[in-house]
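In order of appearance the chains are A, B, C and D, and numbering begins at 1 in each one.
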Amino acid sequence: MVDYQKTIEEIHESILREENKGEIASYIPELAQVNPEKFGIHLLMANGKSYGTGDSKTKFSIQSISKVLSLTLAYKSEGDSIWKRVGVEPSGNPYNSLVQLEDHKGKPRNPLINAGALVICDILVSKFKDPAKEFLDFVHSICSKDNVGYDMSVAKSEKSVGYRNIALCYYLKSFDNIENDPEEVLDFYFTMCSLEMSCENLSRAFMFLVKDSFKTTNNEQLISPKKADRINAIMQTCGFYDESGEFAFMVGLPGKSGVGGGIVALHPEKYCIAVWSPLLNKKGNSYRGMKALQQFTTKTESTIF
Amino acid sequence: MVDYQKTIEEIHESILREENKGEIASYIPELAQVNPEKFGIHLLMANGKSYGTGDSKTKFSIQSISKVLSLTLAYKSEGDSIWKRVGVEPSGNPYNSLVQLEDHKGKPRNPLINAGALVICDILVSKFKDPAKEFLDFVHSICSKDNVGYDMSVAKSEKSVGYRNIALCYYLKSFDNIENDPEEVLDFYFTMCSLEMSCENLSRAFMFLVKDSFKTTNNEQLISPKKADRINAIMQTCGFYDESGEFAFMVGLPGKSGVGGGIVALHPEKYCIAVWSPLLNKKGNSYRGMKALQQFTTKTESTIF
Amino acid sequence: MVDYQKTIEEIHESILREENKGEIASYIPELAQVNPEKFGIHLLMANGKSYGTGDSKTKFSIQSISKVLSLTLAYKSEGDSIWKRVGVEPSGNPYNSLVQLEDHKGKPRNPLINAGALVICDILVSKFKDPAKEFLDFVHSICSKDNVGYDMSVAKSEKSVGYRNIALCYYLKSFDNIENDPEEVLDFYFTMCSLEMSCENLSRAFMFLVKDSFKTTNNEQLISPKKADRINAIMQTCGFYDESGEFAFMVGLPGKSGVGGGIVALHPEKYCIAVWSPLLNKKGNSYRGMKALQQFTTKTESTIF
Amino acid sequence: MVDYQKTIEEIHESILREENKGEIASYIPELAQVNPEKFGIHLLMANGKSYGTGDSKTKFSIQSISKVLSLTLAYKSEGDSIWKRVGVEPSGNPYNSLVQLEDHKGKPRNPLINAGALVICDILVSKFKDPAKEFLDFVHSICSKDNVGYDMSVAKSEKSVGYRNIALCYYLKSFDNIENDPEEVLDFYFTMCSLEMSCENLSRAFMFLVKDSFKTTNNEQLISPKKADRINAIMQTCGFYDESGEFAFMVGLPGKSGVGGGIVALHPEKYCIAVWSPLLNKKGNSYRGMKALQQFTTKTESTIF
C-alpha cells in the first residue's frame, strides 16, 4: 500500500533540490511580489484522508483555476444552454489569443481560456444581482469559509494593466457574445480571479469532481455525475492552455493551472491534489507544479489512462 | 450487473430506428461504394468476454484508426526520440490543415493528424526495409491474422486523388521533417490507411491499451504501461480532429476515428469497444458511431472521468 | 480636349440609371439614417478648375477618409519616427481585423486600417494638448472653414457601439503601442472620424497631394513632395482595406474610402476627385463610388499606371 | 535636363562603396554559385535612349520576374477569365505561404505569388501544346532573341529541392484550381523561372508596359493600354511579396523582383529600369537593387506618385 504522506514529501524534497526555473507572472504588479521559492503540495483522498507538505496551507492567488468554479456555477445554474455561447474544444493557441474568435465569430473555443471565462462571467452577471457575492458563497459551500476570499488589491492591480482581457471582452461584445456592460463583466472577472486559497483549500474545493464525493459542505449533491464527468473532460482537454496535450501526456489527470503558480488535478475515482510554486514555464504553467504532478502519477501509477 | 450483450443490442436497435445522417467519405472513390446502412458494434472486456451486434464482423477500411497503430510501432521501436519531430498537442484545426505547420516550422501538432502521421510513416520508412510488411506483421501480432490485410485498390484509389496529403508531405519535406523520398512515404501512408478490419478485429487489436492486457498474441508484453498511458492520453486529446473536445465531453473515453466510419474507444481498465457506420458528420467522424458510444458510456456509467 | 463637366455628368447619369446595390453602414446608428440615393461627384484640376454634379456640395460623414489627414498631420509633425510604430504594408485582411496584430506584436500593418489609425491618433494625443481642435485647425488650413466640422452626435453614436475599435485600442495598449489612456485615444479617434465634408470640400482638402499644389490656404507648403509621394503610395497599396488591389486594378489611382460612402482619389499630376454614395459593397467601399471612378479613369485615360 | 548615364553611374559607384549585405538564394543549388558582387543597372527611356553600367549585359536567372511575362501571355490569350482563378489583392504574407489558400478555398491572392503563378502556368499548359516553347517565343517577341533562353540546369536544380512549390501545386490541385497533372505544371513553372536575361534584356522586354511603347519586335501592339495599366497596378500592389508596400513607399514604381537578385521597375510614361545584385534582404528582394532604385527615383523625381 502506498504511503501517501511519504510520497508527497519525497517528491517535494527531490524537486526542492533541483534548480527552480521559470518566470513569475510579473505582468500583474501585485503577484510579482510573491516569494518564488514557495512550494506546497496537498492531497485529499476520496476516503477523506488528507496529506500535506511544504507551503500547503499558505493562501495564494488561484487566478485561472477559478474558471473551473465559475464554469461549475454557471453549468449548475443554466444547464446545457451555456454551450450555445462557448465551445468545448481545445484551442491550440495561447490562453489570451484573440485570433480564433475572429474565425469562430466570437464563440470562444472553451470556457477555460480567457475569452470563454469572460462569457461565463457574463452569464453569471446576467443571472445574479451580486455575482461576486454569489460566487464567493458558492466557493464557501464547497470548501468551508476558512478565510477564503477575494484579494481586491490583486483584482485592482490586474485590472489596471489587464489590457488584453479588456480587449477580449470588447471584442466578444462586438460579436454580441457579451450581454452586459463589458466593464461590469470585467470587474467580476478580475474579482473572481483574485480568489485566494491554499493547496489544502483547493483540494477540498475540487472534491466535488471526485466520484461519490459530489457533496457540498451542507451534504447536498452539488452537480450530477454526468456534469462532473464533463467538467473533468474539459479540464483534461483544455485545462493547460497550449500545454493541455502535454499535461495529459506527462501527468495524465484532468486539471487546471493558474498564473499564480497553482495547479489542481484529480483522479475522478481516487483523489484530488493541489500544488503551488510561483515560477511559470513558457506556456504559463507552474514549472515545479508540473514536475511534482508528473512524479506523483508516475510513482502512484494513478493516471486516468 | 450490466448485461453487455443486451446493452449494445438495445443501443444498436434504437439508433437504427432514427434517421441516418451525414455524408459518406466520397472523396476516396473506392470508399464511396460502401453501403451507408452498415452498422456494427463490438465490445471486448478486460476479462476476455466478447459481445457483438450488427455488422460487427464485416471488414471495412479503418483509415485513420491505423495511425494509432503506426504510432505504437514507431514509439515501441524508437522511444521518446519521436517527440522531437511531432508534438502531443491538440490542433484546433481540421485534420488535413496545412496552416499550423507554417506557424510551427514543420513540426506537426500531434501524430494523429495527417501531417503527424506522415512524419511517423517517414520514421518507419527509415527504420524498416519493407515498412508495409513490417507494419502488417505488427498488426497481426496484436489481433490474429484472420484475413486482416491491406486493400490495395483503396490505397491506389486514395493516392490517385490524395492531393492534399501529397501537398502535406512535400510541405513537411520543405521543413526537413521528412527524411525519405516523399513518394515512398506517401505510398506507405496510403497502404497503411487501407488496412481492413472488422469491429471485432479492432476491439481485439486495441486491447494492448487496456491495463493488464498489454500482450501480443505470443503473450509478450507489447509496450510498457507508461507508453500505453501516453498513447491513451494522445487519443483522448487528439483522436477526433477538431471534435476531440466534443468526444471527451460526450463520450469520455480515449479513442480514434477514421473516415471509413469506424471508431475505436477504450476504458483503460475495463474494455475496448469498436463501432462502424459509414456516414460521417461535418467534422469527419461517424454520425452513428458517436451516438452509439455516447449511449454506451452513459448507460454503463463508464467514462474515464 | 476633355469636357470634364460633361464627362462627370454623363457618368453620374448613367450610374443613376442602374440599380443601386449594397448596404448602408448601419452599425453606426446615426449613419443608418442617411438617404441611400445621395450621389455626388466633384473634380478639382491642378490648374484650379472645378467641376461638380449631383450632391457634390452636401456634407456627409467622411469617416475613414479622415485617416489620411491625421496621418498627414502626424507625419508632418513627427517625421519618419512614426514608422517605428506602424508599417506601410497592405494587410490582406478586413479593416478591423485583430489577427495580424498578434502576428506582428502589436505593430499595425499600415496607418489606414483601424489599428494603424488608432496608433496615429495616440501620436497626436501625445503631441497636442487638444488634438481634436488641432486636427480641425489643420483641416481648415487645407480646405477653408466653410462649416467643415465634427458631428459630435455621430462620434457619440459610433463610440456607443464601437466595441471592436475599443477592443483594438486596448489590444494595442497590451502590446505597449498606445502611450495614452485608451479612452482618450478612442474619443479623439471617433471625433476625427465624425468629420463632415462635401465632395467639393474633400477634393479641395486633398489637393495638397497633387504636385505643384502642395499649399495650405495661407499659401504655405504643407509637406515636402517626398512625403506627399509616400502618402500617395500608402493610399495606393492600403487605401481600400481588402479591396486595395482591386481599386488599383479597376481605377488605378491612389485614394481612400470611408464607410459613410465617400471616396477621394487623385492623380498626383493632374487632379483630385471625390465621390459620395452611401451604399457599400461587401468590402465596405461605396458601390456607386467605385463604379464612378472606374468610368472616370477609363474615359479620361488618366490612371497613374 | 537629367544626365541619365551620369546618374546611374553615380548611384552604382556610391552603392559599391557601401557594405553589400544580405544572403544569396542558396536554397537553389545552382544559384548559390553566383558571384555576390555582380551589380548592374540598365535604363531604357520611352524615346528609345538606353543607358547601362556595371554588369548590365551579364545574364542571370530572372526567376520570379518571369511571372509578369507568363501573366501577360495568359492575360493576352485568355482575357479576363483568368481572374476567376486568381485574385488581384496583395497577400500580406511571404511569397510561398500556403496559409491564405486555406482561407480562400484555393484561389491565390494574386498572380505574382508562387501559388498564383502556378495557376497561371496551369492556364498556359491547358492552352498550349508546348507551353515552354510558346512562352520562349513570346519572350523573344518582346526583347529580341539575343541568346535569351532557359537554363535547364537551374530548372532541374530548383525542381530537385522545390518541395514547397510542389506542395503548393498539389494543394491547389486539392482545391480543383489546377486542371493538369501537377508534375507537368511544375515542370513548366521551374522552366519558366529559369529564364536567363541581362538587365539590358529585361528593360527592353518590359517596355511593352510603358505607354506608347506597347509594341513587339514585329511592331505589333502587344496588349491594350487597359491591360498594361492593370499589369502595372498588380506589380505595384503585389510585386515584392510582403515588401510591396515598402517598395511603393520607398521607390514609388510598379516593379517585380526575383530571388536571382534582379528587379525590373518602370514609369508607365517615361522609362523602364532593371537592376541586378544577388544578395537578398530578409523579404527576399535584392538589397542593392532596392537601394539603387530608391536613389534613382529620388534623384530623378520620377515616382508615379
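Here is the rule we go by: a residue touches a chain if its C-beta (ideal position, glycine included) is under 8 Å from a C-beta of that chain, and two chains touch if they have at least 3 such contacts.
Just so it is clear, the structure is predicted and the values come from calculations on it, not from any experiment.
In summary, no chain was found to touch both chain B and chain D.
Between chain C and chain D, the superposing rotation on Cα atoms measures out at 180°, rounded to the nearest 5.
Farthest from chain C, judged by the mean position of CA atoms in each chain, is B. One finds 32 Å separating the Cα centroids of chain C and chain D. One simple way to say how far apart two chains are is to compare their mean CA positions; for chain A and chain D this gives 55 Å. Chain C has its Cα centroid 47 Å from the Cα centroid of chain A.
In chain D, no position touches at least two other chains.
Every pair of chains in contact is given here: A-B, A-C, B-D, C-D. Residues 97-99, 102, 163-164, 166-171, 173-174, 182 of chain B are the ones touching chain D in the complex. Residues 87-93, 100, 109-110, 225-226, 228-230, 232-234, 236-238, 242-246, 248-249, 252, 254, 268, 298, 301, 303-305 of chain B touch chain A in their complex.
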